[in-house]
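Contents: one structure, followed by commentary.
We just call them A, B, C and D in the order they show up, numbering each chain from 1.
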Amino acid sequence: MAHAFKVRIDEVRVPAPDHAELIVHSGELIKARPGQFCHVLTPGMLRRPISFSRIDRARERVGLLVQVVGSGTRWMAERQAGEWLDVLGPLGRGFDPPEGERPWLLVGGGVGIPPIFAALEAWGAQRTSSLEVVLGARFKDYLIMTDDFRRMAVEPALATDDGSAGHRGTVVPLVEEWVSQHPQGQLMACGPTPMLAAVSRAAASLAGPVQLALEQRMGCGIGACLACVVPAEPVGPEGPRYRRVCTDGPVFRREELVF
Amino acid sequence: MAHAFKVRIDEVRVPAPDHAELIVHSGELIKARPGQFCHVLTPGMLRRPISFSRIDRARERVGLLVQVVGSGTRWMAERQAGEWLDVLGPLGRGFDPPEGERPWLLVGGGVGIPPIFAALEAWGAQRTSSLEVVLGARFKDYLIMTDDFRRMAVEPALATDDGSAGHRGTVVPLVEEWVSQHPQGQLMACGPTPMLAAVSRAAASLAGPVQLALEQRMGCGIGACLACVVPAEPVGPEGPRYRRVCTDGPVFRREELVF
Amino acid sequence: MDLTVRLPRGLVLKNPIMAASGTFGFGPEYAAYVDLNRLGGVSVKGISPEPWRGNPPPRVWETPAGLLNSIGLQNPGMEVFLEEDVPFLKTVDTAIVANIIGHTVEEYRQVAERLSQEPRIDAFEVNISCPNIKAGGITFGHDPDQAFRVMEAVRAVTEKPVMVKISPNTAEPWIVAEAVTAAGADMISAINTLVGMAIDFKARRPALGGRTGGLSGPAVKPVAIRIVYEIASRVKVPVIGMGGIESAEDVLEFLMAGAQAVMVGTITFQHPERMLEIIETLPEVLNAYGFASLSEAVGAALPSRKEH
Amino acid sequence: MDLTVRLPRGLVLKNPIMAASGTFGFGPEYAAYVDLNRLGGVSVKGISPEPWRGNPPPRVWETPAGLLNSIGLQNPGMEVFLEEDVPFLKTVDTAIVANIIGHTVEEYRQVAERLSQEPRIDAFEVNISCPNIKAGGITFGHDPDQAFRVMEAVRAVTEKPVMVKISPNTAEPWIVAEAVTAAGADMISAINTLVGMAIDFKARRPALGGRTGGLSGPAVKPVAIRIVYEIASRVKVPVIGMGGIESAEDVLEFLMAGAQAVMVGTITFQHPERMLEIIETLPEVLNAYGFASLSEAVGAALPSRKEH
């Protein structure tokens, strides 16, 4: 029977100001697919959904990379190696593996970068076609994990809102350009909802699958409470139907969603 | 201007199972009189009122001896030397010093023992008349501070509910006996309200002052909220008047109270 | 210790701990985490005759020791429930309570009538107290006459045990409890959520998509205890208590205030296994406070009990 | 940043932070801890024509993120207040709000008339919402007609600014707010405490001497925000918000929900100096969320403001 369980924090890294990556040891969580998440107990009323930033099956370690935005992520960032986290997971629908022949674009924005890196780490080695990565953030310091991508021999294209690194502005023009050059391509993206909406529009013409990993405030994390919904197809007379990020997602196909 | 302030815990003692005595360093709290208290911040909504178990002016240290009965006292008992407590105090009306010529009885029950010891420590050395101490508790282990009394060269008479140390039963028969032998005596007592009610009755005939230190659930601790009241004289047609333990007490004269 | 609870019309719970409606899906969702066979019962998510979409997201927001939700009773309607969830429920041995909702008296009647034919449903919980929908829902629960009419319509179409779920958002919730008891309710469940709101500073608007939401969790426990106590003091039928339960001690508090059984909601999101832990520790906690049996604790703090 | 708040009938606050009635005594009690000259104002403990004894102890009980109290409006009566506390209040420079209570409309009139003669009193807060007394108090606050009559009687005897304090324990608190505004109230203050209860396991009875109590503290903030928002959306007069404020962020939440100023209660027991800290940090917090002035934040989350 599944249950909440405790995992040991092996290591705490500080990839950027206001960020922390907890490397936790767990034979259970390494079963995760990139794009899945675990639901972490913090002192608040609700658990916090956090994606996996890396899934190291060999060493039985996964990464949880958080940006401090409130009480729960602050609490997580203050943990020390040797402490334990209470988690539920892995949860949700992750990314489907890339299709072998298609050019492949990975797009990450802010704390949407970690699951994108996890996808690259999981499937990047077996790729037979071209691969590019586009990362965006508010400013330079928040462009996390770029060294991890480089270690995977991928040089990500960068965009920052303030131009402090890479292109000034969002990732969207970079995505548009790639789409126009790779009409047969496939895409995986994770980031803030407005970014995903723009990426979804930009990628509408792609022949391959466009997979988007969404965020939404969650209650249970396991499909019972219907808190974590996002507007989805089909759109009826009353409006779009609502689907759950925690179990129907976080990863959806762009055709499934309504932004 | 008075304010809440932080005091350093110099030492944590474990005088009995489920008890802890925090020895804190503070130039402010040593101004306290025995019977006064400080209001300690714990994770709950309200501060916890705790009396002083010892007031060492020379070394600028006071003792806060708690019995674990709930979340706040448990939190206090888990503190370590070197940590800090946030306190308001000293607060309330303490014991008046004993009158020099009168035989003097000190009565402590359970966690009412600490302020009784503080009174002995403060005034015991200057006494010119006889002094006796009666201590009571549920069972042997909860008879705290007896060694402290002995170090002051006082052998306390003991009573436990279950007879595991000293007389079986309450302190009341011991008090009655002392009262009958010392009609000119004076008395100070602290303990659970039913014990104080019985002591008050037993001491009704004493010629000297009978001072009783009461407990009540508190809000502000400084006289503003009227939470901490106990029934007091005068009794009007509607019943007794209510007076505040935090500022009118905790120490009252027996004539002031209605049990 | 025997934890069995015997309720009207032959409704028997293995123990007094049930999952609260809306926090436990239709049953299957938590089945991977909780052995449903060990629960006293499960009150499923509110069911209407037709599917309801629910409110726009965000639908939950944390507050101090509490949770605001504006799910808006999203549900696939009674037919989908019967087809997709009841088969699973037939495989588990726990009391199944169908929480029913409607926009009109007629809709309540419809769903009660249809689900009454399904033997797997052991009881009804008539939800006239959900603050998250505009028509129906809470408006029935704030007016004793309308509440009476809903209960009367449900009573006419089912012989199964029926409880009515009371809103805490009125000055005197027991008036509605008295009205529905007069209309034939076998039990009262209390409380549903308190109406509340939070502001999203960045969006400069109410944080929840539905604007207001229902407040649940430990924050509301004192309000719930008081309402259970008042209803149990005034109404003859059994009361099922809920609101903020986190521990076996909290369960004891509801029992002493007059509840015969309880439901556990919000805390399940944090700790899926908490209900089972509560069931395990309840006998110890009862003993620790001097109760030799479950029934001894029920109503122990009520004035009537003190006079005995 | 200028934090001055201008309210009806010339009532001016240095800043929007006032001490909530019943949590700050009559003023002198906290004077050793808080420089009263720095506060926006102080609403003193409820004052009746004659002394009130209050309820038997215990009078407070902790709950999750909340506090239950059943003080029962113990106070020495208006004459003692005038003699013993007003002289001290004359030495401090902050707005003094007299919180007034009565068992009857006539008693409200009496105390308003008598205190109206005292120049040191800057405003009245008519408390028709205290859950801790049997007659008067909350019963006026739950009935718009009775609330109207209380306000009408007070209005007839004073030219000072008057706010009426609203109970959260009804389904539609704005109805009472509308009634008292029609009777001449210059402002609304909201909320008073929610009715709640806790059980003392050992005593096997309700924990508070007064049986039920009023729930305050962070637990109630979502209920308070919603009521302030609804009243501010419906009523033209300024709203003074309160309920669970712990921080400058909480103050901003009330401002955005439509409050022009706030009162701070329960948290003062934990941190006597918290109101001053809030006053100091409020400008930073306003700036952090993009508000250049206090008035910009007021009502920023109201629907009417969004349409501009």
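Everything below uses one rule, namely that a residue touches a chain if its C-beta (ideal position, glycine included) is under 8 Å from a C-beta of that chain, and two chains touch if they have at least 3 such contacts.
Since the model is a prediction, treat every value here as computed from it, not as a measurement.
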(message) By the touch criterion stated at the start, how many steps lie between subunit A and subunit B on the shortest route?
(response) 3
(request) Would you mind naming the chains that touch subunit B and likewise touch subunit C? (result) D
(request) Starting from the Cα centroid of subunit C, hunt down the chain whose centroid lies farthest away. (result) B
(message) Distance between subunit A and subunit D based on Cα centroids, please, to the nearest Å.
(response) 47
(message) What's the distance between the Cα centroids of subunit B and subunit D, rounded to whole Å?
(response) 36
(message) With centres defined as the mean C-alpha position, give me the subunit C-subunit D separation in Å.
(response) 34
(message) Residues touching two or more other chains, restricted to subunit A: which are they?
(response) none
(request) Identify all positions of subunit C at which a residue touches two or more other chains, and write them in rising order. (result) 63, 65-66, 217
(request) Name the graph shape formed by the protein chains and their touching pairs; answer line, ring, star, complete or other. (result) line
(message) Please list each pair of chains that are touching.
(response) A-C, B-D, C-D
(request) Using the touch rule from the top, collect the residues of subunit C that touch subunit A in their complex. (result) 22-25, 29-30, 32-33, 35, 45, 53-54, 56-63, 65-67, 69, 71, 74, 217, 266, 268-273
(message) Per the contact definition, I'd like the list of subunit B residues that touch subunit D in the complex.
(response) 1-4, 41, 44-47, 88, 216-231, 238-239, 241-242
(message) Looking at the complex, which residues from subunit C come into contact with subunit D?
(response) 63-66, 68, 142, 167, 169-171, 194-202, 204-206, 212-213, 215, 217-223, 225-226, 229, 244, 249, 252-253, 256-257, 289, 300-301, 305-306
